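First chain A sits with chain B, and in the next complex the same chain sits with chain C.
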Partner chain A sequence: MLGEALAVLAKELRSELRSRVALNAILLFALTTLVAVAYQIGPYRIHEEDRPHLLAALLWIILFFAATSGLSRVFVKEEDAHTAKTLRLAARPGAVFAGKFAFNLLLLAVLEVLIVPLFCVLLGYSVAGPLGLAVLLAAGSVALAAVATMVAAIIARASGSGTLFAVLTVPLALPLLVMLIQGTRAAAGSAEVAAVLPALRGIVSLAGVTLVSSAFLFPVVWHD
Partner chain B sequence: MTRLSNILVWILGAWLAVVCWAAFHYAPTAQGFVGESARIVFFHVPQAWVAVVAFCVNLVASIRYLRTRNPLDDARAAAAAGLGLLFSILATATGSIFAKVMWGSFWNWDPREVSIAILLLVYAAYFALRQSVADEERRGTLAAAYAVLAFVTMPFLVFVVPRIYWSLHPDTIINTSGTIKMESRMLQVLLGSVAGFTGLFAWLYSLNVRLARIALRRRQREEG
Partner chain C sequence: MASVTVSFEDLWKRFGRRAVLTGVSGTLRPGRVLVVTGPNGAGKSTLLSIVSGLLRPSRGTVRYRNGETELPRRAWCGVIGVAAPDMAVYEELSAIENLRLFTRLRGLRATDDQLAELLDRLGLAAREQRRPVGVYSSGMKQRVKLAQALVHDPPVLLLDEPSSNLDGAGHEVVAALVRERRPATAIAVATNDPREAAWGDEEIHLAG
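What follows is the complex of A and B.
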């Protein structure tokens, strides 16, 4: 099973390195939004007392909507290229989901590694607890990748449109987004990792239940 | 419709009429609220309760559909979601009226308001998904998978997020210490209203399912 999942991940990486469609979509969306936000707000336009919350919200809005512009491709491209049937024969559903989930997780990691430091520089966002923020980003990425991968599998079997992906993902990811914004605000204000723990508990639980339910639901969606 | 169900519908109508009368004339005026605004609790809470019950019925029918692939279970899930959407809208409207009287604004972005708004979005997304799939069996499978995925994220919305953010919303009926703080006559009316609204949901749901059953039989006759 692990070997099959790694093979699916390797296939995804090779395919993405050839086309770079998802990576380009996500990064360009994030960069464009970040530049627009930074140009309008910059480091001085928001009052000092509003900065921790507003900047945390802006950071996650940029990351979340950039992610929704590319994460659906993992399954949509299989349906578009008519390779889904071959993939069904080549690997078990669990391995397909795990491989696609890992690929989406890597995409999110690349997005965050590039965008978060840029966001901090352009908007003058000082984070007192970088370790807490890093843990939060990692947990948030796992939860977001789990939700996005499962919804991508659903919409690929429906109309496959990007609009439908956003429509289905946003309500499911909003509780996660609220907890991430709250946690990021706490990380920005405190050097202690314990400051992010209340939000982190919720995020880890959400990631856990989403992954477990996806493990049961994915075979049904994949083989319908 | 059988004679017994006819009698039950009349009893339900009379019960709801008594609840309406009791909400305005039997229950005393609540302390700490503007004017008589607290009386809306006798309609708002049962509506929110029915929205959650509908979501649970939708989940059970969805799981049954994934196991049996019986089109009637898909129709049951859709009927419950439709009624859930209706009662969510009613709960949002009555909550907004209360918010306007109490806090001077129809919408305050209170965590409870955000929770019900996201619940509305989830139901709306469920129907957007259903409308985007032409094939009936696939529509049932994908909608059921999405319903299960949405259900597992709901506890975070209902229980976790309102506890992370400070809320204007009055304490829930059964508060965090597990006790009920409500005057006896008010509690009687509220429980009566909850029972009445649950009965109303059951009646509307059974009507929807009967309609779906008739439509299914007609189609089967036409096809075969």
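What follows is the complex of A and C.
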């Protein structure tokens, strides 16, 4: 199964490196919103006491909506290009989900590696606990990639799948977003990794529940 | 290669109020070619999709047997090769990369030389095999689709309009392929082309 999942991941990476559709959509959205926010707010236009709350929320709004503009493509493009049936007959559902989940996780990692440092520089966001923030970003990416991959599989065969993806993902990811914003605020205010633990517990639980339920649900969604 | 027999009984398929298949039965046996004919919209592709497991029938059963052993539905994918107009290969990848992917997904190993040999036999020139499929003509894409269906040497072959988009030479390549595979493979061909219909030992005609 691992070999098959790696084959799906390698296919996704090779296709994406040649077409760059998802990467361009995500990065363009993230950079545009980041520049617009930085231009309007900059490092000085928010009161000091409001900064931890507002900047943490702004960071995750940019990351989340940038991610939703590209993560659905893993399944939508299979249906659009008529390759879904070929893949259904060749690969086990678990391998397909694992490969596409890993690809979405990598996309999120690229997004975060590029956008988070830029956000900190352009908006003067100082993070007292960078390690805590890194752990939070990693756990948040796993949870977000799991939710996005499962929703993408559900909506891929529907018409108007782009709108449907946002409509389904936003309510499912809302508790995750709240926890990520709380955790980011905690990481910005404290050098201790322990500061992010309350939020981290919730995020890891949500990621675990989503991945386990996906393992049972995905084969049904994929084949029917 | 295992010897697999596929039987389907009393297959019905409805899309809303429209009944596409009404009680179709038949058997695919090694050494025999079953041809499915009928006008456009008669349900030829739907029948092959149900037999392959891609689509569930509204009523009726499909059974895969390896000798006396009935294969579970999840095992069907391992024993069938399917080429159909609505089943594409990846356009960003080359023909060789596509075949390498589909062998790895089935847990098999094949060298690039073996994959190139299969593409050669289907008439895809060596210089084209490493270019992205997206730049191919429709006939060249059809040859890669056929190669994808054959790459794991399946004992059951479902071909939906296999010569579509192919020129006369391409049609001959597919005809030779069916002749070569026939002794050990259960083959079904859905077609409107009288040349392809002539390959059949048995025929199911869907009236539509």
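The working rule: the second predicted complex is superposed on the first by the 223 of 224 C-alpha atoms of A that agree within 3 Å, B and C clash if a C-alpha of one lies under 4 Å from a C-alpha of the other, contacts with A are read in each partner's own complex, and residues count from 1 in each chain.
Everything below uses one rule, namely that a residue touches a chain if its C-beta (ideal position, glycine included) is under 8 Å from a C-beta of that chain, and two chains touch if they have at least 3 such contacts.
The model shown is predicted, which means the values in this text are computed figures rather than measured ones.
S.K.: Here chain A is shared; do chain B and chain C fit on it together or clash?
M.R.: The answer is fit.
S.K.: So in the superposed three-chain picture, is A:P171 touching just chain B, just chain C, both, or none of them (first/second/both/neither)?
M.R.: first
S.K.: If you count the residues of chain A that each partner touches, which comes out higher, chain B or chain C?
M.R.: Higher number of touched chain A residues: B.
S.K.: Check whether A:D50 is in contact with chain B, with chain C, with both or with neither, and answer first, second, both or neither.
M.R.: neither
S.K.: Angle at the Cα centre of chain A spanned by the Cα centres of chain C and chain B: state it in steps of 10 degrees.
M.R.: About 90 degrees between chain B and chain C, seen from chain A.
S.K.: Should A:D224 be classified as contacting the first partner (chain B), the second (chain C), both, or neither?
M.R.: So A:D224 meets both chain B and chain C here.
S.K.: Touching A:S213 in the superposition: chain B (first), chain C (second), both, neither?
M.R.: First partner only, chain B.
S.K.: If you take every C-alpha pair with one atom in chain B and one in chain C, what is the shortest distance in Å after superposing?
M.R.: Chain B and chain C, overlaid via chain A, are at closest 6 Å apart by C-alpha.
S.K.: Per the definitions at the top, what is the overlap between the chain A residues touching chain B and those touching chain C?
M.R.: The overlap between the chain B and chain C interfaces on chain A comprises residues 224.
S.K.: Provide the residue numbers of chain C that touch chain A in the complex, in ascending order.
M.R.: 52-54, 56, 74, 77, 80, 82, 84, 86-93, 97, 101-102, 104-107, 132, 148
S.K.: Would you tell me which residues of chain B are touching chain A in their complex?
M.R.: Within the complex, chain B touches chain A at residues 66, 114, 118, 121-122, 124-125, 128-129, 132-133, 137-138, 141-142, 144-146, 148-150, 152-153, 156-157, 160-161, 164-165.
S.K.: Touching chain B in the complex: which residues of chain A?
M.R.: The contact residues of chain A facing chain B are 147, 150-151, 154-155, 157-159, 161, 164, 167-168, 170-172, 174-176, 178-179, 182, 198-199, 202, 205-206, 209-210, 213-214, 217, 220-221, 224.
S.K.: Which bits of chain A are touching chain C when the two form their complex?
M.R.: Spelled out, the residues of chain A in touch with chain C are 3-4, 7-8, 10-11, 14-15, 18-19, 81-83, 85-92, 95, 224.
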